[in-house]
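Each structure below is given as structure tokens.
In the two assemblies presented below, subunit A is common to both, partnered first by subunit B and then by subunit C.
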Partner chain A sequence: MNPVAIPVLHSAVAIMTPLLLASMGGLFTELSGMLNIALEGLMLMGAFASIVFTHFTGNMVVGIALGVLASMLLAAILGTVTLHLKSNVFITALAANLFASGLTVVLSFKLFGNKGVVVFNDIGRLPRLDIPALAKIPVFGDIFIGHNIFVYLSWVLLALCAWVLYRTPFGFRLRATGIHEQAMVSLGMRPSRYRFIAFLVSGFTCALGGAMLTLNLGAFVPNITSGKGWIALVVIFLGQKKPIGLLFAALVFGFADAFSNYAQGAWNVPADFILAIPYVFTLVAMVLFSIYTSRKNRVE
Partner chain B sequence: MVDRMEKRRVTIVATLRNSIGAVVIVGIALAALVVLSLLLSATPLKTLRYFFLGPLQNTYYFGNMLNMAIPLIFGGLGVSLAMRSGSFNLGGEGQLYSGAFVATISALALARWGSAGVVVALFLGACTGGLLAGLSGVLRMKWNTSELITSFLVSNAVVLVVSYLIAGPFMDPATNLIATRMIPESFRFTRILEPSNLSSALFAAVIAVLVVHLYLYKTKSGYELRLFGLNPRFAAYGGIRTKWYQVWPMFLSGAFYGLAGGMAIFGTYYACMKEFSTGMGWNGLAVALIARHRPAAVIPAALFFAYIESGARNAMLHSDVTFEIASIVQSVVFFLVTSAVLQKIGSVQRRSI
Partner chain C sequence: MEHALEMRGIVKIYTETGLRANDGVDLTLNKGQILCLAGENGAGKTTLMKVLYGLEKPDAGTISVMGKPVSITSPLQANRLGIGMVHQHFMLVDDFTVAQNVTLGKEPLKGRFSYDLKGADEAVDAVIRRHRFSIDATKRVGSLTVGQKQQVEIVKMLYRDVDILILDEPTAVLTEQEIESLFITLRALAEHGTSLILITHKLHEITAISDRVAIMRQGAMVGDFPTDSVDGKQISRLMMGQSVSLVVDRLPYTPVQHPVLRFDNVSVLKRNQQRPLLDGVSFAARSGEILGFAGVGGNGLGVLEAVLGGFLPISSGAIVHKDEDISRLDSHALRKRGLAYVPADRLQVGSALKATVSENLIVDARNEFTRHGVMQRKKIEAHTQSLLKTYSVKGSPSMPIGTLSGGNIQKVILAREITQYQDYIVFSEPTWGLDIASSRFVYERMVQLRDEGAAVLLISSNLDEILAVSDRVIVMYRGTIVAVLEAEELRQVTKEDMGAYMLGLRQQEAPHG
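Then we have the complex of A and B:
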């Protein structure tokens, strides 16, 4: 294999992980029948809270747990306002994004007197998984071994998601809510309950995705998620709303991102153009996908 | 005659009672602000005084607040048009920024044209925004691609490209700012409330509200647009060109955003600075939502938003909180503004006759 391809693929696997985590939670809300554009805000909330709590508690596991709680709290507010005050989920999710981007800056200023990048020197590196035996396997070992624990955690969670959605009564009911809300009501079940739990799940996984971003960097950068929550949403559509599809779609974006990072170093392209690549790439993927589905529907 | 007056009285009462919900929402948002100040500020009373009274304390701040509302009015009108037709335009940020940029470089290129150049430059800026949004409309029409996501993606990419152009080929080497050259004097709108930044673009904004109102409610095309937004299938059976109404409102919506950008440059900034418009697009969307897509209501909604923004700016200048406190208050409004439960408070139940 081309010597350039392996490092690019290796970093693609790392880059896709926050996308995969966020899209997993988004899959729950999506299947329960709601377009959840708050993934971005939930990720940001988790990203900020995880590193700040790690800093104050001095323990990464506790920090991440509290970060996850913070994100789930925002998801619970979002769920309550949407489901019980009967608001438009699109607007309330936008509110959650705005809230997270405002609150993180306000708190960062209050706690650290700084609205810009906050570097935490006291935070250790994320534990990495190194299995020398597996790492020796050519290509596979070079690409899949030696990542931080979030990468492997995301694969385990993906399998868990697939199991919950397709093998448990809860999963069936959640998906039924998305397919036919009235049928659920007539069976005596409350759709809003399943949707609320779906919100909590998206808060949970998005927080993990966000935590990986800040803890990996050892710093908080304002709006560090920079559109990743939105791309996660596209991953759900491109992955055809199936767990295994998410994996492939996320990998495609991870690769696009890794490639643009590589391009920045290799060719003399302006940084702004490089930053635009994931959006353009996502756009093209979206359009191609919709052409494909509209053709397919026409044939059927 | 008596009957008609009676009817009018009833509608006024109904309107007032229907707006109780909006008052409740604004009240909760302002209460959130008070709580935030108590939590975050060492001198909460001082912070709150600057927040609430700052924008009104003198002509300078008051004029700047009104000036801040101008791009919000244009943006709010744009979003309302798209929303009325059942389309979502999430690309306001990029459409506004690129509209401002194209209007600026057109003004620089057409320096000798004078006031005709103003019109042409604003038109070109509006078209830029319109085409960007229209693209999402076309994608939706042809392949049913979600315009909500494509408009957002296009906008994000465009913001970066415009930033590159401003910092690169079009940068003014004479200043330390990352900005284009200043537009000629003849292109700048007159200041109407010295010493504030308020310019005659305010009149253009008010006229735009009237035009959009008349378009939506008094023309055939506006009627078809609303009908398509309410029920696309019914509209299709009624012989309305449904394909056209997936593209045209998006184009208009982007064009208004582009115009908002051009107006901001010609009225206030005089040069296109890197990322000068960050947040304006989203705020335009917020304004449209609070106004529930009614053009006439866009003005008070824009004023409310401008008030919160300039209040936050004032509190930041004179006290110890950051400007981002405004986005938290705005998000509280967003959380509650579409709530069917809150909207029902005090509203008159429609009785069937």
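Then we have the complex of A and C:
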């Protein structure tokens, strides 16, 4: 195999992880019948809170846990305003994004006197996992070992996600809510309850996705998520709203990103063009996807 | 005998509209009894049943089930008390299997958290077999027929062990055979001791299935009898508040011979299709007559409606209105020329459900209600109020039209289209799903238009309706005209004759409309 390909694929697997995590939570809200565009804000909240709490508590596990809580709190507010006060989910989610973007910078300035990049030197590296059994497999082993724990956690969570959605009463009710809300009402169940839980789940997984970004870097950069929450939304649709689909769709974007990182160093092309690759990729993927689905619908 | 159910003095007032949907209603039901709850659209039947099923909270009144007073605040609680409801519109998740739909909310578990999918299949299959239904528990609901979907709804309630089953207009969407097998099922359920309440306004169904009939009018219970002690006329009188007949007073038909709209050899052929949907159709609609189009579904009536409405371009021939060829015009252009059209699908095509009654009424005539591009509220309000009064619509201008009953929605559409009409007007299935009073209202308007000199085109699969109001009848079969009936011939034609034409068993020689 091409010696360049393995490092690119290895970094693709790492890059796809925040996307995969965020899209998992987004899948819950999507299947419950809501377009949750707040993934970006939830990720950012988790990213900021995780590293700040890790810094203050000196413990990464506690830091991540509090970061997850912060993001879930924002998700709970979003859920309450949308489901109980009946405001439009698109508007409130947009507000949540702006809120997260503003709040993180304000707090960063208050706490560290810096509106720009804040580097935390006291934070250890994210633990990496080497699975000896995996390492022995050629190529495959080279691509999938030596990642940080978030990467492996995301695979476990994805399996859990699939089980919850397709093998538990909760999953069936959640999906029923998205497909035919009145059917749920007619059986005495409250769709808003299932949607609220879906919001919490999206807060949970988005926070993990965000935490990986900052903890891996050991620093907080304003708007560090840089559109990853939006791409996670695309991943949901490209993955046909199925857990296994998310994995492939996220990998596609992870690869595009890894490739552009590689190309930046290797090719003599203006960086701006290369940095645009993932976005061009998103556009092309969406167009191809919509052509594919419209073909499929026509056949049916 | 102990009452399975007793409702006393139920009052339900809708606060948004102030409508007293139920005004002190009493209803009792015995064990194993089939009760038909009859009444016109908007009489309060569905509201009463929603109160019983916990979907609406009553403002006053008491309910007792099996002799015990209860308060029902949610469908879940209704289920626990043994009350189930099959809604008029199916409450099914198409992507799930039959078993998954039936068990939704009451899923069998494997361990503490895991949904026992196999257990669900088995449990649902057992219910299906016990009651001799013909559905497969593992099939996707989306792939079932309408009749089968209704069976799923009934199984859903039986799985919850209900003793009292409410069915809201269960036959509205079924074919004759499906209705027959539904009735067999319902009788078997009653024999097993289930008490049934059927909401309906069809007289022949009441006599065919029920032991008892309760009749509501304007939110009140106006009659309650054993079915075999009353006849259809009595029931109808109570429902209506007066005796009615289908026959409408009208001027004698004087063939005024000036054609308003003419079809010259019109054909519609879709790409990749062998057989044309319309095949060389020629006729003229004349002023001062009601021209009826009869036919069995799938023989060109729907296509004719789409062509008249400007949704479907024709492949050959010409459509001529006042000596001008209008074959190539779309809906917008046609309406500018005065096309007035009451579509068969009043919910999707005829109205914008979320828009208000006012907005639906003026949607086509916005320019008349604006000054310098600004809507004139007062003028619109006055216009709407006067139309609502003329057409006796129960509803207010600012209500979303979707909250009105079917009959009232149709009246709003009629009001708009009759205001819009200039010399011809198309009615497609105008009384489909309407009660007798609303149907009669539609017929009277049609005759009134005809007496004023309009060319009225009535497309209908309801033979009684066609024969009762048309001055001339065109029968369609496989996209062509097979018979044109008028004057003496129309007066003497029997339903059997019509049936023979409609089914293609008989054909006139060179029929000319």
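FYI, the second predicted complex is superposed on the first by the 298 of 300 C-alpha atoms of A that agree within 3 Å, B and C clash if a C-alpha of one lies under 4 Å from a C-alpha of the other, contacts with A are read in each partner's own complex, and residues count from 1 in each chain.
As a convention for this text, a contact is a pair of C-beta atoms (placed from the backbone, for glycine too) under 8 Å apart; a residue touches a chain by one contact, two chains touch by 3 or more.
Values in this document were obtained by computation on a predicted structure and should not be read as measured data.
Just to be sure I read the superposition right, which of the two partners does A:Phe99 touch: subunit B = first, subunit C = second, or both, or neither?
first
Taking the superposition on A as described, I'd like to know which of subunit B and subunit C A:Arg175 touches: first, second, both or neither.
A:Arg175: touches subunit C, not subunit B.
Thinking of the overlay built on chain A, is A:Phe144 touched by subunit B (first), by subunit C (second), by both, or by neither?
Neither subunit B nor subunit C is touched by A:Phe144.
Now for A:Gly188: first (subunit B), second (subunit C), both, or neither, which partner does it touch?
In the superposition, A:Gly188 contacts subunit C only.
Taking the superposition on A as described, I'd like to know which of subunit B and subunit C A:Phe28 touches: first, second, both or neither.
Touch partners of A:Phe28: none, neither subunit B nor subunit C.
What is the contact status of A:Gly227 with respect to subunit B (first) and subunit C (second): first, second, both, or neither?
A:Gly227 contacts subunit B only, not subunit C.
On the superposed three-chain arrangement, identify whether subunit B or subunit C touches more subunit A residues.
The partner making contact with more of subunit A's residues is B.
According to the stated criteria, A:Asn88 is in contact with first (subunit B), second (subunit C), both, or neither; which is it?
first
Of all residues in subunit C, which touch subunit A in the complex?
54-55, 74-79, 85, 87, 89, 91-96, 100-101, 104-105, 107, 109, 113-115, 117
Could you list, by residue number, the parts of subunit A that touch subunit B in their complex?
Checking each residue of subunit A against subunit B gives 77, 81, 84-88, 90-92, 94-96, 98-99, 101-103, 105-106, 109-110, 115, 227, 230, 233-234, 237, 270, 272-273, 275-276, 279-280, 282-283, 286-287, 290-291, 293-294.
In the complex of these two chains, what residues of subunit B are touching subunit A?
Contacts found on subunit B: 36, 40, 88, 139, 142-146, 148-150, 152-154, 156-157, 160-161, 163-164, 167-168, 282, 285, 289, 321-322, 324-328, 330-342.
Can you check the complex and tell me which residues of subunit A touch subunit C?
Against subunit C, the touching part of subunit A is residues 167-169, 171-173, 175-176, 179-180, 182-189.
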